[in-house]
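Scrolling down, you'll hit the structures one after another.
Heads up, the next two complexes both have subunit A, just with different partners, subunit B and then subunit C.
Presenting the complex of A and B:
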């Protein structure tokens, strides 16, 4: 990158201070210090005096778009986004959960972000394979060009080689490990339903105990609720305490949607979410 | 009684233990270690730091059946599930987790109402504790020393194990432990030097530094009570919190559960399932009212319960500093940092 993480942090602070002091926004969503260097945390600056708490380093994995829906409608907010995170903002705008004019998007072109748990670089595997935000008001660093761009679906090769029975066996084995802490849904920027279907008991859609029937019901439904909406940030998989590779299913569904409808989630605020939009030329493949 | 065995002969020991009862021990899994019922003595792996889920699940499983029934059948045909009292050996438990059982006993057996399921398993269990490596530094998440727990405290275990090079030294701590240890063949006698090493390790464990300085439980209790209405403080503390249940499910001292009726294909069970105060519906009342709709209210409850109300009511902090909540939090919230912030507020 042309700029360092340190420079990104400085620029974030400068912009946050300016936005808060001018009264343009009432809060800035960024990252702040955690209990150690490897664990920066989502951070909210509500005044210029909070700005010094902002940090940016290689472990800033969190998708802060997740916090946008927590504040009352009409709150003027600035949000720091990496490439995948910006798609979540776009998707939330498409779904009318936030208004474009209430947001100041601080776009961060970046690569080399690492999962603090594994040390693995997340760019290609569990993010959308982009390096530059798709929507922003202020660019925090120069756009990244010349980095190898792999298809976000490349990691699906092994999964797609499995037949239907093998896939079911794979998911049963993986999902049986689920402890139903709901970290995946809570980390997900697109999971904003209140209440979530799985928390309802009249009617009851799934069992609460972490056993096969309830686990399959919860995850398979959630996978499909995110069809055409998942922006591939990988937060669900990173949040999972037992490392279930949830991103594989989301990517597979995203790929199918993109092939059928010619549109990936969260790329443009002019788009409509594929499953709530009807066009005569839409694929009928889903009915086959 | 002091015995020892070579680490490479661990499976002989675990195999012998399997002959004495159901053996539950740390096992390496895809995402890390967990305590599991052992079916093959070779599964047991002591090269772990700590497990993902605490061993509370051995006495208080995430799902526990109370009544089994069939829909459409008379009530009298429903069967009660009796508490299990078969001999159980819990192997390789860290001192902070051993301490957590004493705290859980307060709720499940020591305050009048006795939970027969918890108690039956507890009484049938022999605990074999295992010291942290006092020669290696503590992991950054841990703070058991802050809460007065040593890295090699044998108290609470029936047998306690310390690793010395390629050997494992086992010392019986209680009569129950001595009876079990005496019944295991093939263990070597330990020398006086091994005994000294054991005692030195226990002493070193007491001085073993985790990342915080010691605390005054009474001062924290008072401070958190004073801060209860300081919404600004709690909102700031919970800005990042996603309100998921990882911290509570991984926690060795969280004991909240829900009672559910779950029916599938006509067969039903009334069971308890772990619940978490961080879930929105945890406090949802039948009227539709929810006294804790905000994330900050739920986080305040969690921290207040562990560090304040619990101390006020039972005289002990309901936390053993194992660090699991911090280790697994998707957004890196560190419970003790919040307590420290509170003390400064």
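Presenting the complex of A and C:
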């Protein structure tokens, strides 16, 4: 890698300081120190004095677009994003949750981010497999080229070989392990609903105890709510304490959606959210 | 605790044949809160309605369930019964056990069991229903008519004569539609222009009609009583307010194109009026053919125009019109017979389609009314092939209804204008209108030859290279026929306009298998559509002749009038609202609503609904991730209760 994590951290700090001092933004979303080197945390710098707390290393997996929707509409914010994270920003702009002109996007091209639990480099298996942000105002490092690129859907081959019954059995088994901590939902930039359907009591859409019926209800509905919106950052799966491969389902839905409507989530702010947008030329395959 | 009455209809044998109706009523009586359950032959009849009314009083019912046909048929009927008995009309539930049960199975066990499941769900939902109040809105008194063929012209005149303001929108530069292309009309053979042009002129003169030619509908908002329709005025490059119709420009213009009006058989200028009696009689410039637009030089028309009416800078303009009701009368196209290569249309110059032949007969047509072929000769033998593309599983299954009759008309006119032998190749002759069979008999006597067998192929004659050969099987003699002729006339299928899909989308109309606009009910509401306040007339609904088209146009005018004659109307109470506490501001509702009812309130950070626009379709409720949308009459609780009832069965 041409640029080191250290250099990225320095550049992030410089830009953050400049943006905060000039008053261009009122906060910068980045990463900060966690309880150890391996566990950095999302970090909000609200003034120049906070900037020194910013950290960037190989374990900065978090998708900070998650935190954009926490602040009142109209707040001027800078957000540090890796490739997939930038797609989340694009998707949020499409959904009008944030306005483009309220954001300064600090794009970080980077290869070599690792899953802190396994130490493996994160690639197209659990994320969208891009290494360069799709939208940014300031590029924090040179674009990454020449690294292994794989289709984000290649990992589905094994899963797609299963028949319907086997797939259901697979998911039932996986989802039965869910302890309903909702870390997946909390990590997801697209799960911004307050209240989430599953927390409601009238009507009660699903059981809240971690057992099969409620687990299926929660996850199948969540998968459905993320159809055409999940930008494949993989954070839900990394957040999961019991390692449920949620990314598989999300990728499968994303693939179907892309094949059917020719649009992947969060790639362009010109696009409209695909499942709530009607175009005359849309495929009718969904009706078959 | 509710007091529910269940009324099971037999619909004669329609339902009773595949649902054990008395068993269904007995089953209903066992369900909690059901205090009375009865079955009856025809629930919608007066005795049926009286029975319900009596039971409401006698058993002090507070909810009524009728298991019968589709609510589209009789929801209003039964709602009135409730209202007359002092119950809020929204406390009625209809369970459709006809279209959704008895008509989709032959098995009485299956039918009965599905009916029970539906009823079980309905009882669950019925308990949770709330009384609702209909909204009352102002009605715009004006009407829009889209398409100015004979259907649109007739409907506009009828409405305008009652004092209503009519906006008549026509995409072409003249009104008249297909009828204006004809010479004579069957069965009376009166001259088409003689009966049509006075009407076209009345349209132009009528103080209540605003004629919008070279216009198309580009957007429709609103709903019955209050449509907001955006019209695109296509650039004509001639200012019609200044033009005094001297037509000096059309003489000087060097630009040339084929005349659509003459079905491509003649040429016209780039600045032109389609035909001498066109209304309005003011020219337009065809950008594609205009020398100035193509080469940047010319402007001859501008030079000769004393009125300074030519305006090369003109752009399309958009304007919005408010109306209370709409009549769609966009007519038809003929099928493109080039796709049926066996008939050689487009390949052999001697093969014509029916509209081209109409132009040959027309004294204002390309040949001045003489029947002369493309090679300049008069035909000695003519074959008219019926049912080309119609009644044909490979193309269009429907019968185009008028082809037999106009083919007979053609035979008569050929006999009148030429000395040719005329042959009909037909499957059977359909002459079911008033005076039609008589007309057929008259043509038989005119020495026209009828060969019962559909034309199978048209080929070049092997012996006489400039003649054609028609091949067919004569189904009466069983013999295979090869007939040498000079001219072949194809009677192609009448099909929906190529842009019918766009119109359907704009006005929310359904289309049938062939693509014609669907009526609300084939027998009882033939001019209404599923889109309230939008009516259809003429061939855009199905193939028909001029008398039927005119009758429909008059009917549609009357239907539109029933809406705009009132200054207020009641709207369904079944609209939606947003619970702001649950709205996550995703704006899905704003994006999916086909009527533009939801809008996002930036200051509050939640979506709200403009209830005047909401039709209660429920789309928004289905895409709202947090269930923040409350659809009145279909609340989440009500729908879930119904589903539970269905599934526990």
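Here is the rule we go by: the second predicted complex is superposed on the first by the 288 of 288 C-alpha atoms of A that agree within 3 Å, B and C clash if a C-alpha of one lies under 4 Å from a C-alpha of the other, contacts with A are read in each partner's own complex, and residues count from 1 in each chain.
We take it that contacts are C-beta pairs under 8 Å (C-beta built on N, C-alpha and C of every residue); 3 or more make two chains touch, one makes a residue touch a chain.
Only a predicted model underlies this, so the values are computations on that prediction, with no experimental measurement involved.
**Q** Name the contact category of A:273: first (subunit B only), second (subunit C only), both, or neither.
**A** second
**Q** Go through the superposed model and pick first if A:225 touches only subunit B, second if only subunit C, both, or neither.
**A** A:225 sits against subunit C, while subunit B stays out of touch.
**Q** Just subunit B (first), just subunit C (second), both, or neither: which does A:73 touch?
**A** second
**Q** For A:137, select first, second, both or neither according to whether it touches subunit B, subunit C, the two together, or no partner.
**A** neither
**Q** Between subunit B and subunit C, whom does A:182 touch in the aligned arrangement: first, second, both, or neither?
**A** first
**Q** After lining up the shared chain so the two structures overlap, which partner does A:208 touch, if you call subunit B first and subunit C second: first, second, both or neither?
**A** first
**Q** Let me test your reading of the model: by the given contact rule, A:193 touches which partner, first (subunit B), second (subunit C), both or neither?
**A** Only subunit C is touched by A:193; subunit B is not.
**Q** Who contacts more of subunit A, subunit B or subunit C?
**A** When the residues of subunit A touched by each partner are counted, B comes out ahead.
**Q** Between subunit B (first) and subunit C (second), which does A:96 come into contact with in this model arrangement: first, second, both, or neither?
**A** Only subunit C; A:96 stays clear of subunit B.
**Q** Residues on subunit A in contact with subunit B in one complex and with subunit C in the other?
**A** In subunit A, residues 194-195 are touched by subunit B and also by subunit C.
**Q** Which stretch or stretches of subunit A touch subunit C in the complex?
**A** The contact residues of subunit A facing subunit C are 73, 95-97, 192-197, 200, 202-203, 205, 225, 272-273, 275-278, 280.
**Q** Of all residues in subunit B, which touch subunit A in the complex?
**A** The contact residues of subunit B facing subunit A are 29-32, 52-53, 62-63, 140-141, 236, 239-240, 242-246, 248-250, 258, 260, 262, 264, 271, 273, 276, 279-281, 295, 326, 328, 330-334, 337.
**Q** In the complex formed with subunit A, which residues of subunit C make contact?
**A** Residues of subunit C touching subunit A: 505, 582, 584-588, 591-592, 600, 602, 605, 623, 625-627, 636-637, 640.
**Q** Over in the complex, which subunit A residues touch subunit B? Could you list them?
**A** Going through subunit A, the ones touching subunit B are 34-36, 39-44, 62, 66-67, 70, 116, 177, 179-183, 185-187, 194-195, 199, 207-211, 213-214, 235, 238-239, 241-243.
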